[in-house]
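By letter and in written order, the chains are A, B, C, D and E; residue numbering begins at 1 in each of them.
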Amino acid sequence: MNDYLVLMKSEWLITITIFLLLILKVRGEMRSDRLLSIAQVMLLIATIVGFLFNRYGRLFGSMYYTNPLIGFQKALLTLATYLISLLCADWFKKTQHLAEFFILMLTALLGMFLMISSGNLLMFYLSLELSTIPVAALANFDLEKRISSEAAMKMILSSAFSSGVLLFGISLFYGATGTISFSAMSNHLSGEPLQTLSFIFLFTAFAFKLSVVPFHLWTADVYEGSPIAVTSFLSVVSKSAFAFVFLIAIYKVFYPLEKTWYWLLVITSIATMVIGNLFAIRQQNMKRFLAYSSIAQVGFVLVGASAGMSSGTSSVVYFMLIYTFSNLAAFGVVSIISERSGKENMTDYKGLSRSNPFLSWVMALALFSLAGIPPTAGFFGKLFLLTAGASRENYWFIVIATLNMIISLYYYLRVVRSMFMEKNDNPIQSVAIERSVYFGLILCGVGIVVTGLFSWLYQYIVSLI
Amino acid sequence: MHPGLNHLLFVSTSLFFIGVYGFFTRRNLVTILMSVELILNSVNLNFIAFNKYLWPHRLDGAFFTVFVIAIAAAEAAVAIAIIINLYRSHQSIDVEKAEELKY
Amino acid sequence: MSGSTIIFYLLAALTLVSGFLAVTSRMIFRSAIFLLFSLFGIAGLYLWLQYEFIFAVQIVVYVGGIAVLIIFSIFLTQKSGEELPSQNRSRRILSALAALAGMLLILTQIYQHNFVGSTEKPEEVSVARIGSQMLDVTDQGYALPFEVVSMLLLAAMIGCIVIAMRSSDKKQGST
Amino acid sequence: MNLTALLVIPLLTALTILLLRRHHLVKWTALIGSIIQCLLCFVLVAAFRKEQITSPSDFMYFIQQFDWLPAWNISYKLGVDGISIAMIMLTAFVVLAGVLVSWNIEKMTREFYFLLILLSLGAHGFFLSLDLFMQFFFLEIAVIPKYLLIGIWGSGKKEYSANKLALMLMGGSALVLVGILALYFSSPDKTFDIVRLSEIHFSTRTQRIFFPFLFVGFGIFTALFPFHTWVPDGHSSAPTAGSMFLAGISMKLGSYGCLRVATFLMPEAARQYSPTIIVLSCIAILYGAFATMMQKDLKYMNAYSSISHCGFILLGIGMLTRTAIIGSVMQMVSHGLMTALFFAVIGMIYDRTHTRMINEMGGLMKMMPMISTAFFIAGLCSLGLPGLSGFAAEITVFIGSWQRTGLFYRTATIIACMSIVVTAVYILRAISQTLMGPLKNPAFGNIKDANWNERLAAVVLIAGIVLIGMAPYWLSELVRGGADIIAGRLMSK
Amino acid sequence: MPNSLYIACIPLLPLVSFALLGLFGTRVFKNLSGLLATVLLVVSTILAIWVAYNYFFHFGQANGIYQRIIAGQVTWLRFSSELSIDMGLMLDPISCMMIVVVSFISLMVHIYSLSYMKGEERYPTYYAFLSLFTFSMLGLVLSSNMFQIYIFWELVGVSSYLLIGYYYDRPGAVKASQKAFIVTRFADLGFLIGILVLSFYSNTLDFNTLIERLTNPASPGLKTALASSFLGISAITWGSVLVFMGGAGKSAMFPLHIWLPDAMEGPTPVSALIHAATMVVAGVYLVARLFPVFSISAPASLDLVTFVGVLSALLAALIACTQTDIKRVLAYSTMSQIGFMMFSLGVARHGHEEQLGYSASMFHLFTHAFFKALLFLCAGIIIHLVHSNEMNDMGGIRKNLPVTHICFLIACLAISGIPPFAGFFSKEEILQASWQRNKVVFWIALTTSGITAFYMFRLYFKIFWHKPLGHQASHADTAEGDTMIRLPLVILAIGSLLTGFIPFGRFVSADGTPVHTDLNLIFSVGPVLVGLAGIFLARWLYLNKNDAPEKIKNGTRALYTAAYHKFYIDEIYVFITRRIIFNLVGKPAAWFDRNVVDGLVNTTGNTTQIVSKKIKGLQSGKVQEYAIYFLLGAGGLALLFIYGWK
């Protein structure tokens, strides 16, 4: 029984939080900032606890299993959610449905926990839906905005379609192998065409969630239309969780199909980087811009993932951690600006460095990290991905990836340029930054700088594998 | 010829692509949702068929079906809520009317 | 041709034809009804395969729940009797081609594949057994998925409430 | 001597600057930091000479090593030889001068100095590190501050230039990265350590494929033809200190990399590609010089002349003889100092006249003899006047190049030599049109000569130029040891 | 042998004065600058004379042969174990002769300038540059190393540049300085490559070793150098010719002479020092320095030297006849005289019998320094008086400038080769040497010396006689100034009178052994007569104003016009530089860079943008299309991996 408590500690904490919020909500009249701080505190606790006492274990007849790395990843996801709860405080305070929002978001988080711990396809599918459907509802939480419901609609339909394809793939797998358990399945994989087919169907589900080209098309629309907290959640937490599961899937379950997935990764990764970059180049809306940038980032993640077990896992997990800090910092700034001034366009950011130097520098730092510029952590993250990818000695692939890095630098610099170098007759006024937001941004900034330079973190991840 | 696995698979696959076709071509959001239901049903049929004909020693397929049905219900509920909300803001549930987000 | 074969073909035909009509009919209400038929057809197939429990779930959840929900939402959002606008032709052709191609691909793969089933003794399918497995936490138990689904349903419910029941004091309309 | 100190000083300076609020404190911090760094460099030279006596044939001196990322075999490894010491000295000098020249920056002073010192940190780190990964890290550190310096404090079409510079340099470093990774994975024990890598003989195929990556990648930093177009735009748009840094140090990062990484680690490929390198650098030398002749903007002129001068560096590397390599390193130092001085002077002139167009000036010598003298010295150094550093460096390259026998190499050397005439043409043209002749614009009649800070900056750089020019012996002997090892490896197989 | 420190002081003292004046001149020394420089130079000169005296009479000889002595050497830059630039002091007959000439003439100019340049705004700078020049020139002549000579060669060039452009606000001066530098730089390119060639085969840069290795037929370097050829010419000849190119540039030999007349834009004392007496003979000195290599290993290159020398002498003389700017006339005459020195070297050969030309050339160099410097210094005084360089603005000023007049006359007689003036002796030897070797050269030389006499006296008569003094100056005016100005004139005039009697051949010869130069009176009759003829022709034409010159001018229209326009050589150069280098090379290069290379970079960027715009339709906003892409993507990948990826 102790196992159920310790191994599932993250899940328990999140569930408790969900129900706590639910009860508080049902009992009524609690001020939303109180609710928010409760949620923040609970998330902080969950984060801290998440990093501790991680060990191996299987529960529910191997449907659930965990190990230190999985525990670590869960803690990272919680951390990201915690950061979101800090950074988007402006928006949270405005919304009427704060408790519901957190309930849904935490449910999705719970879904992700279960997903990365899942031991068979059923659990995987269920938790995938658990992590998707609430988010689709969340996307609609800007109830007054047309684009919010459009985004939610696009998301739920796309994901329904995607899960249809996924299910079809799972059913074929089931037919071909007679099992839905991961550990049993890998013994049955032989690379027959039907298995390849079903693997590709399965892959599309990951690809869809990770926004891999050509399964990415929902991403930008949903990111743009959703409330910024949801966008952050989708682009950071959800992506990170799915990337992680994807790694487990290809390394542990589908390892026999290595030849297939390697080339699948190469192809889709190139497509993703190229298309993501090409679209990002011409975006004006910051959220949309970050959406495409995150698509392109996924391309790089796939480069790292193509490496294989040890270096692939470590580099991807490490990168996702850095990506969390960087992307959240960027989204945090966008969120403040958009909540306070209603402006989301890149042209509005012109001259931002004059009126809001702090925000501008945080933004610049975040973008540099996303672009992979030292000494920010993004440099290390990206470099390890590329190094891992290069371990296959397939260098033209790396060349393409690095070329794409340059394109991506171009558009990240575009933002920096408008903030620092261009003049604006009607600049965004100096905005007041809330304490929690400030704290969140500082946390992200420190994360961006420190994660890279201090190597023990990476070493720690390596040691977990 | 007694119908076997292949027949059932034919039915399910056809149903799947009928759903897909519907998903691609219907303009009304509710009908798109209906297509999704068809897709999910076809998958369920697959599971049951495989369970029955190939792997009857365990009930994995059947359980999968049960859970898929449950998920489908939840998904449909959320989808319909979103559709209704969309209807409120757009005064229409034509999918082509909700194309503000693009490029 | 045995009776069971005939029943199978009838059920299959019902499922496919009404499914096809459900996605092509221009009248939305009819569409919904065809969907219902198609779902019935599927349920029938479950019964034909002797999965009574699944049959029951299918009838309860789909026919009793989802279909009603859909019809309900049609009432909410549509004036009945109105013809649905049709999708442009090129899209229809493209979709049909894509769907056909996909079907061809999958069917080819399925038929080329040599399915090898298990030779073990089949497990009996009784409601009691399903019930006990559902709440079991051991190797064959499905307690965790069960809990997951319940969480999901809870979340879906909350989500639906927030989204669909927009507080009435707010001005309706678009921004 | 603990080499980490050379990194700690700029780092501390940068961090201190970040914490300070008052502008003049920032300036003084930067100045003091760079002076300390300069002094430290002298200490380093002294220690090096002493060490060299006791163990004359070491590859690297004062090696320091800690594990940084054991998972990838990445270590924090520092070490110097004569070549890197020369480059470090150069960096310290140019940064000191740059800090002095920028004394009057009003806009975002703190950020400006922070970035400037960050740049110097990058350069120092690059020259010090013996681990390819670390080197790459520092190489990239030096890119973005440049972008910001140009974009925020620059002039002209600064956004375009800044972008172009950042993208092209990142492109270069992307190629470098691929090359480095290839070396890493081709090495039997998966190492980034230059010392270890230099003991490995890579297969011919590996060398042939990846040498261009490294060489072109670093070459972009050094304005290798035809990847040089960032140079004119970048230099001309940058603020004075930025241009000084760009031309003075940043371009040397590339050439140092070409030498230390590309050529040294892949000697076989270097021999194979030597004709290509030579052709490209000859084109750069002459073509750059001719293009310079037609420039109307002083900064453009100097930028193009940098292309031409950096051609000598690459030519020296491409010729692969020991003397040529020594010459090439000397040219790095010399060009660094000279071009920094040039840009500093151009900046001073611009501050006073608010124009950089050559044809709008004239007769400025009367108003500002001090600045004019500095201009003269920079110009004369540029055209290779004996007694100033340019001459010794170029001559060494020529002599070294001439040691490669064969019509092709001879022709290349002669072509390179021809540039001394063209250089004379454009330098004299610039001098005569800006400084000499009658005063063209009466508004320039009451401009003032250099301030104390400008004067000091010029003196620092001129001291370097004259010191090397008068006694090139110590510089050539300083780098000889390192060059010997590189050349030995090039000749060995 | 004197302590090498003393020898080193000869060039270093001017360097000290340059450094002092350059750093503190305008602040500290101001009007004392001249005095400081002069005093230091006096010491230097005394040292030089003392060293030279000691060399010639005490320690220079071993077994009756003058040796090349390295008095001191410091490594300046090392290329390899063999090749290094060593800064050294080499004493041999010609370097000893040169240090005397340079320091002495320089001293004269220093003294002259004390009052001549007084009141100039940049007086300290002037002396600083002058000191720099003196240092460089002394360093040049004392060089023991091939590269050392190149280094000082360049320094001399730059100090010449600085001094020509001394009046930097005069556009003409600026242009001239630029031209001088660039043309000589072009020549130095040849010199540099020549050094590379020679040093490669000899594997040394040291003069002694180099000459030894490249003249000894047994040495491997020479063998390979002779064996390897390019365009059918042996490497050693190429090397020599290229080195000569450098010399020709500095010595203003055809066709690299175009800078010299323009260089007269500089202050007149500078012209006297640099562009008449010392720097311009550096080319001759260079050839003399490497004479063994030229004559033993690459005799063909000496033929080139002869040819260029003769041609320059003749052309310059012809041009000089038509010029009206007195400094330009003097400049062309300088060029012509250097031509004499050059071909004299060219007709000489290493070896006891045939080395007369060598000694003659050096002798002429020596004497020429005196009378040409004198001419220029006189011209300076004249110009001060008339405030013009134009011959036509002058006339009849002998009353105003009595001392100058006498001095000028002496110098003219010297240059015309009239005994017993110095020029007579040296020119006589040259003619003798060429007579011995090549009759064609002799006849041309003879003609040229006649023309020389003619244009010099044309100058003399037009300045001092010809017509009464114009309105520029009244009779009472005298510009001769104080003793400081007159003193150098007198000293130099005495020099022009007496130096001819030095038995030069005894001291200076190609191989160090004395050369006996019997003054062959019978042989001398012809040249002297020719000279006198020239003088009388000039007297006939220019003593008084008449229309004879006009008639002659019209009679020889084509030749006159061509000569007047300096045979259009300047125009050819302008054509080449402007049209070809600037328009056909420079502009296209700049254009190519901005449009093609840069254009490619920009195109890459733009293409990306365009592609990005083109594919935006992919994201149409229609969720169903997204699903179609989804299915197609999945299907495509499936097909690829099932059928395409075996």
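In this text, contacts are C-beta pairs under 8 Å (C-beta built on N, C-alpha and C of every residue); 3 or more make two chains touch, one makes a residue touch a chain.
Owing to the predicted nature of the structure, the values given are computational and were not obtained by experimental measurement.
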For chain B and chain E, chains touching each: A, C
Geometric centre: closest chain by C-alpha means: D
B-C against A-B, pair bridged by the larger set of C-beta contacts: B-C
Distance-maximising chain from chain B - centres being C-alpha averages: E
Identity of the chain that, by mean CA position, is farthest from chain D: C
Chain centre separation in whole Å, for chain D relative to chain A (CA means): 42
Whole-Å gap separating chain A and chain E, where each centre is the average of the chain's CA atoms: 76
Separation of mean Cα positions, chain D and chain B [Å, integer]: 65
Chain A-chain C separation of Cα centroids, rounded to whole Å: 31
Shared-contact residues (touching 2 or more other chains) in chain A: 122, 126, 129, 133, 136-137, 140, 143, 145-146, 152-154, 157, 161, 168, 172, 175, 178, 193, 197, 220-221, 410
Residue numbers of chain D (touch at least two other chains): 167
Residues of chain B whose C-beta touches two or more other chains: 16, 19-20, 23-25, 32-33, 49, 51, 54-55, 63, 67, 71, 74-75, 78, 81-83, 85, 88-90, 95, 99-102
Full enumeration of touching chain pairs: A-B, A-C, A-D, A-E, B-C, B-E, C-E, D-E
For the chain D and chain E complex, residues of the former touching the latter: 164, 167-168, 226, 228-230, 232-233, 287, 290-291, 293-295, 304, 322-323, 326, 363, 365-366, 369, 380, 383-387, 391-392, 395-396, 398-400, 402-403, 407, 413-414, 417-418, 420-421, 424-425, 428-429, 432, 435-439, 471-473, 476-477, 480
Residues of chain D that touch chain A when the two form their complex: 68-72, 74, 133, 136-138, 140-141, 143-144, 147-148, 151-152, 158-159, 162-163, 166-167, 170-171, 174-175, 177-178, 181-182, 184-185, 209-210
Chain C residues touching chain E - in the complex, by the definition given at the top: 91, 94-95, 98-99, 101-102, 105, 109
Interfacial residue positions of chain B with respect to chain C in the complex: 1-3, 5-11, 13-22, 24-28, 30-31, 33-35, 37-38, 41, 44-45, 48-49, 51-59, 62-63, 65-67, 69-78, 80-85, 87-90, 93-94
Chain C-touching residues of chain A, taken from the complex the two chains share: 15, 22, 59-64, 96-97, 100, 103-104, 107-108, 110-111, 114, 122-123, 126-127, 129-130, 133-134, 136-138, 140-141, 143-146, 152, 168, 172, 175-176, 178, 192-194, 197
